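Two complexes come next, and they have one chain in common, chain A, joined by chain B in the first and chain C in the second.
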Partner chain A sequence: MTEPQATTGQQVLAPGHSMASITDKVSAIVLTRPVGKRWLFGFTLGFILTCVLFTTIANLLVTGVGIWGLNAPVGWGFDIINFVWWIGIGHAGTLISAILLLLRQNWRTSINRFAEAMTLFAVSCAGLYPLLHMGRPWFFYWLMPIPNTMELWPQWRSPLIWDVFAVSTYASVSALFWYVGLIPDLATLRDRTTSRLGRMVYGVLAMGWRNSAKHWHQYETAYNLLAGLCTPLVVSVHTVVSFDFAVGVVPGWHATVFPPYFVAGAIFAGFAMVLILCIPIRAVYGLQDFITMKHLENMGKILLATCLMVSYGYAMEIFTAFYTANTYEEYLMHNRLHGPYATSYYALWFCNLIVPQVLWFKWARTNVWVLFIVSLAVSVGMWLERFVIIVLSLSRDFMPSMWGQYRGTPWDWSMYVGTIGLFITLLFLFLRFLPVISIFEMRTLLPEAKVGDHGEHS
Partner chain B sequence: MTPREIPIYGIVAEFASPADLLEAARATKQAGYTRTDAYSPLPIEGLAGAVGGGHSKLPVLVFLGGLIGGASGYLLQYYTAVHSYPFNIGGRPLHSWPAFIPVTFECTILGAALTAIFGMLALNGLPMPYHPLFHVGRFARASRDKFFLCIEARDPIFDAARTRAFLETLSPTAVEEVPS
Partner chain C sequence: MASDGTTHGGTPAQQLSLINLLGAVLPIGLLAWAFAMNPPAALRSYLWAFCVVAAVPCGSLALLALQHLTGGAWGVTMRRPLEAAVRTLPLVALLFVPLALGAHILYPWANGSYTAPYPKSLYLNVPAFQLRAGVYFAVWIVLGTVLNYWSTRQDRENPPDFDRRFRLIAGPTLGLYGLTITFASIDWVMSLEPMWFSSIFGVLFGVGQILSAFVFAILMVLLFSDRPPLRGVIRAGHLRDYGSLLLAFVMIWMYLSISQFILIWSANLKEEAPYYVERSHGIWPIMAGLVVLAQFFTPFLVLLTRDGKRNARSLGWVAGMVLAARAAELYWFIAPARPVDHHTLLWSDLVALPALAGPWFLFFTWQLSRRPLLPLHVDPTPAEDHHG
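So, the complex of A and B:
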C-alpha cells in the first residue's frame, strides 16, 4: 500500500506527531481541558431542547397522537419523515467505520469514532418515532415475537415487522461496534487520568484491556469481521425502510428503484451531517492536525457522488411515472410539479441537486464554509425528500373523494426540534467524556507504526 | 501453575519503538521462551505470532453464530406462521419463504455480530480487572507510547537472573520484575 502521508500538500495526519503527542492531545480533551463556555452553551441548548422533547412526549402520552397533524388520508406525517431522516443520517457512521475500513481508506481513521457516535445518537432519535407513532407505546412489545396469552404472533409478511428487526439489529450492532472500538482508548484514559473516579469508571469500561499482542490479534480479527457484517447490515436497514413504502401500492411508493435510492440518500444525508458536526468540532478543539483538509475534501467528493446517485433516483421517478402509463403515477408526478406542495418539490431539487454541484470545484471542497452550507442544504433537502415522498403520495391517492391536506402542528415541530436537542445533548456528553478521535487507530497512521512483515497495516 | 520459589509473575522489558519490540519478541522466541506476551499501544503485524499467539478461532465461531442466528430466525417464522398461528390470507401459502428472508437476514447478522464481540472478549479472557502487570508503574505507558515484552515465570526455562540478563541484551530502555 502506498503511504498516504507521502502525497504532498494534503495529508491525513499533520507531520511532527508521535504516539505520545497523539495520545496526549486527544485524551486531554476529556481529561484535562476545563469545561469551556462554548461547550456549556451547546450542552445547555441541547438540554433545553431535550426538555421540549420530554414535554411533547408527556403531552403525547396523555392526550394521544391527535396532537399531531395526522388524519385521514395522511396517516404518516412528521413521525415517519423524521424517522427516515434520522435513520438515514446514521448510515454515514457505519459506512465510514465499516465500508471504508474494508476498502483500506486510511483517511477514515480520525472521523470514524464520532461518526459512529453520531450513528448511535441518530438511531436513538429515529427509534423514538415509530415507538410513539404507535399511539399506545406501552404495547410496543407486541411487535416482538413473545409467546403471549392472546396466542398471537407478528405478521412476518409485513415490511413493518422487517423494519423492527432491521432497526433493532442495527441499533444493537452499532452500539456494540462502537463500544468495541472504544475499549483500547478507554484503557488509555484509565492509565492517564489522575482522578480516582475516572480511573474506576474508565477502568470498569475498559474491562482490563492491557494492550497484549495476543489480544490485539483477536481484537483486529473481530473488528474486521464486524466491519464485514456491518456492511450488508447498513445496506439492508435502509432497504427495509424503503420496503415500508415500496411494498405498498400507493402511487409514488411502489417503485423498484426505492432500495438503492434510499441507501444512496441515507449516505448522502449522513455525510452531510458528519460535515456539519466535524467542521465546528475540529475548529473548537483544535483538531486540524487530525481532521485535515483532505478529510473534508474526501467527504465533499462522497457528497457529490451520492448526490448524483440520488439525482438518478429522482430522474427515474419521473421517467417511470410516465413510462408505466399508469394514471395514478402520472397524476402523482403532475401533483408534485404543479400541486399545492410543489414548492417543497422544487426546494428539494434545489437543495439536493443544484447546491451540491458546487462540489465539482476543488476550491469549494477545500473551503469549510462552502462545505458547511452545502451540508446544511443537503440536510434540509433530504428532509424535504421524505416529506415529498410521504405526504404527497398519501394526500392524493386513488379517489378524489379521499384527498386531503396535511401540515405539521406545533407539537410535530416541537417533537422534531426536541429530537435535534436530544442528539445535541448526547453529542456534547460524548465530546466531554469519551475520546472523540480513535487514539489507537491514529497511532497506526504514524510512519514508525509500519514495521510488520508486509510493511502495511489497516 | 506450579509453585515456584520466587513469587513473581515474570520479568518485563520496555522498548522505545514497535520495531525494537518486534525484534526482541522474535529473539525471545528463538531463545526458546514460550510463555511470553508483548504489549503495545497499537496492533503490530506479526507480533502476536512472535509471542505464541496469532491464531484466532473467531472466524469459525462467527460463522457458526451467523448460522445459528439465521436458522433460529427462519425457524421462528416458520413455526409461528405455519404451525402456531396459521392465518389464511386470500389463500396464500402459509410457508411464504420469500417474505421470511429479511428477518432471517437480520437474525444472521445479529447472531454473527454478537458472536464476534462476545467471542473476542471471551477468547481474550476479558473482562479481567486485575492483572499483575498493572503493579508495574511504567506499564501505564503501554497505552501511550511504550512497548513491553514480558517473559512469564511459568515459562519452563524461566530463571529470574538469566532471563533478566537475556532481556538486557535486547537493548531495552528498562527491565523490571513483575510481582505476582
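So, the complex of A and C:
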C-alpha cells in the first residue's frame, strides 16, 4: 500500500531526485552559486529603499509625527494601515509552518522555510509603525507594566495594550520556531562549506548538531510543541488587531464579525505575498522540482477560500448597515459608495473580490502569471481594505462639524516604501545565507525515506 | 478492505427505530395540546426544538461538503450517517411549516410589539420570511440530493475520478450553506430580539450546527463500530482524527462566542448590550456557564490528551455531552427572548424536543438503513496506516 504515498510524494517533489541531489541543489544556492547580477540588483534596490526608511525615521525623530498626514479626526493613518497590512502578511508563514504541519499536509514542506522567514521580516516591518507612532518611541517601555513612582499603569481594558503582548509573543515564538527548524540544515551547511568563516558561523548557529538519534528525537518534540504554540498565536494576533477597531464605537469599526474576518483577511494577504515571492524565487533559482505546480495550485485554492471568507465580511458589513437601520452605519455605507474615497472602496472590491474569482478554474490556478497577477491585486486590495476601514470611518464619524479629510504626505509614502525596502533587503540576505528550502524535510518526501521510516512497524 | 462494506446496516438501525416510534407519539399529542393552550409559548418551544433538530441535517450538509473537499479517512467513515441526515432535510422543511404559518404570532416584528423602521421592514415581514425560508430549504435539498445521488452512483458504477466531481460541487455547497445559514439564523433566532444585531451571529450559528452534526455522526459511527461493515474498519487512527477535529470545532465555537461577548460588553451600546443583560439574570448565567463547561472546557481538556482522543468511551461521552450542550446553547439563544414568563422553563419545552426529535430520528434511522454503512469504493483507512 505504498502506492498512494508515492504518488503524493511525486506531486510535491518532481521525480528523479535522491537525498544527495536535494542537498546539493538547495545548499548550492548558499554555498557555491556565485553572487549573481539579479541578486545584486534586488539587494541594492532593497538597500536603497531601506536607506529611504532610515532617512524618514531620522526626520520623524527630529521633527515629530507632524511630518505624517495625521490630523484631528484622522488620528490613525498610514502608520496603522501599514502596521495591519504587514502583520497580516506575516500570518501565512505561521499558518503554513504550524497549522499545515499539524494537519500533516506534506505539501507545506518546500515553502515553509521562506514563508516563516517572510513572517519574521513582515513582523519586523509591522512593529516599526506603532513604535514610531508613539511620537516618543524611546518611552516604549511605558507599555510594559513596570512599577514606577508615578503609579502609571497600562490600561488593561484597551486592546492596544493586548497588541503589545500579542505581537511581541508572536514575533518571539515565530523566530524560535524558524530557528529550531533551521538547526539541522545549518549543520548541513557547516559540514559542506569550504570557507573557514562559514564553518565557524554555521557551526555556532548549528549549536553542535550531530544528527544523532537523540538530537532528532528532541528536535521533533521541540518542533511539534512550537507548532502547537504557534497555532493559537496565528489567530490571536489578528483577533487582537481586529479588537483595536471593533472595541471602538466608531461606525464601521464596531462589528462582531471583525475577529474572524480579520484573521481570514490576514491569511488571504499572507498567501498572496507567499505567491508573489515564491513564483520569482523558484524561477530564478531553478527550484521548480521542489516548489511544484501542486504547491502553487494549493495556495491558489487557499487564496480563493479566504477570498470568499473576506467577501462574507464585506457582505455582512453592508447587511448590518441595512438591518440595524442605524443612521451612522447607513451613512458610512453611503460615504463608502459615494463619498470622497469611493474610488478606494470600488478598487478594493475589484482587487479582493472580483479578480480572485478566476481561481475557481484550474487553468488559472496552474498558470504562474495569473497567480502572480491575482496575488499582486490581492496585496493592493488588502492595503485598500485597511485604508477604507481606518480612514473612511475616522474622517466622517458622528458629527459633520468634526469631519475632515486625510491624505498621506510624501513622508508617509517614503516610510511605506522604506519598509518594503527593509523587507526586500532582509529577504535577499536570507536567500544568500540560509537554505531557502528545508533540506532535511525535503529528503523525507522521497519514496526511499518512506520505506525506511515505516518498514519496521508493519 | 472496502469489500466488507456490502453488508447492510439494516438490523441495528431498525431496532433503534422501534424504540423511537413508541417515544414519539406521546410528546406529539402533548405538544398539540400546548398549541391549543398557549400558542405563542408553544411556538417558542417549537422553534427551539426545531433549531436543535435542524442543526444536525443542516450541519451535516456542510460537513459532507467539507469532507469531500478535504478528503481523509474521517470523512469516508462518517459519510453515510451524514448523507442519511442530509436526506432528512425534506422532513425538516415540513417541520418548519408551523413556524412559517405561526410567524405572525411568534416574532415581535410580526405580532405588533415592535415596528421595524423603513429599510428594515423590507426584510422583516412575514411574506419575505416565508419566501426566504423556502429558498433556504430549496437550496439545501437540491445540494443534498445531488451529493447523495452521486454517492449512490459511485457505489453502483464506481466511475473513475469521481472524487473530482464531488469536489466540484462541494466548494459551492459550503459557500451557499454559509450564506443561507447566516440569513436563516437572522430570520429564525436573531430577529426574536429585533433591536439586537451581531454580525458574527450567522457564523456562530453555522459553526454550532456543524458541531451538532459532527458529534451526532461520531455517535452514530461509534454505535455501529462493532458491527459489520464498520467492525474492524474503525481504528484508533479514525478516533484520533475525530477527536482532533472535534477539538478544533469546539475551539472555533468558543472563539466566536467569546469574541462576540467581549466586543458587545466593551462597546456597551444600548442596541446590543441588552442581549447579555437579559441573559445575566435568573438561570441564564448558570446555563451559560454549564454550556461553556460542557461545550468547551471539558472537551478541550479531554481531547487535548492522546488517550482522550483515541479512546472510544471518552470520545463518545464527550460527543454526547456536546450534543446536549448544543441544545442548551440554543435554548439560551431563544428562550430569554420569549414574551411570556422569563425565567422558568416551559412545560411545552419538555415535550417539544421529543416530539420533533423522535420522528426525525426515526426517519433518519430509516434513511441510514437504506444504504451500506460504508461507501463501497472508497478506502476508509487513515493515511498513516497505509504502509501495510
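Going forward, the second predicted complex is superposed on the first by the 440 of 458 C-alpha atoms of A that agree within 3 Å, B and C clash if a C-alpha of one lies under 4 Å from a C-alpha of the other, contacts with A are read in each partner's own complex, and residues count from 1 in each chain.
The rule we apply is simple: contacts are C-beta pairs under 8 Å (C-beta built on N, C-alpha and C of every residue); 3 or more make two chains touch, one makes a residue touch a chain.
Treat the numbers as computed from the prediction; the structure is a model and nothing was measured.
Of the two partner chains, neither chain B nor chain C is touched by A:G404.
Applying the stated contact rule after C-alpha superposition, one finds that A:A20 touches chain B and leaves chain C untouched. Looking at the shared chain after the overlay, A:S172 reaches chain B, while chain C stays out of its contact range.
When the two complexes are overlaid, the chain among chain B and chain C that reaches more residues of chain A is B. Applying the stated contact rule after C-alpha superposition, one finds that A:R157 touches each of chain B and chain C. In the superposed pair of complexes, A:G286 makes contact with neither chain B nor chain C. In the superposition on chain A, contact is made by A:F322 with chain C only, not with chain B. In the superposed model, A:G36 lies in contact with neither chain B nor chain C. Contacts of A:K214 after superposition: chain B is touched, whereas chain C is not reached.
Applying the stated contact rule after C-alpha superposition, one finds that A:G66 touches neither chain B nor chain C. On chain A, the surface patch touched by chain B in one complex and by chain C in the other comprises residues 157, 243, 454, 457. Residues of chain A that touch chain B in their complex: 18-20, 23-24, 145, 151-157, 159, 161-162, 165-166, 169, 172-173, 176-177, 180, 184, 187-188, 190-192, 203-204, 207-222, 225-226, 229-230, 232-233, 236, 240, 243, 440-441, 443-444, 448-449, 451-454, 456-457.
Those residues of chain A whose C-beta lies close enough to touch chain C in the complex are 1-2, 4-5, 104, 157, 235, 239, 243, 246-249, 254-260, 308, 312, 316-317, 319-320, 322-326, 330, 360, 450, 454-455, 457-458. Contact residues on chain B toward chain A in their complex (touch as defined above): 17-19, 22, 25, 37-48, 50-54, 56, 58-59, 62, 66, 73, 76-77, 80-81, 84-85, 87, 89, 96, 99-100, 102-103, 105-107, 109-110, 112-114, 116-117, 119-121, 123-124, 126-131, 133-134, 139-145. Listing the residues of chain C that touch chain A in their complex gives 116-120, 123, 171, 175, 178-179, 182, 186, 197-203, 255-256, 259-260, 262-264, 266-267, 269, 271, 381, 383-384, 386-388.
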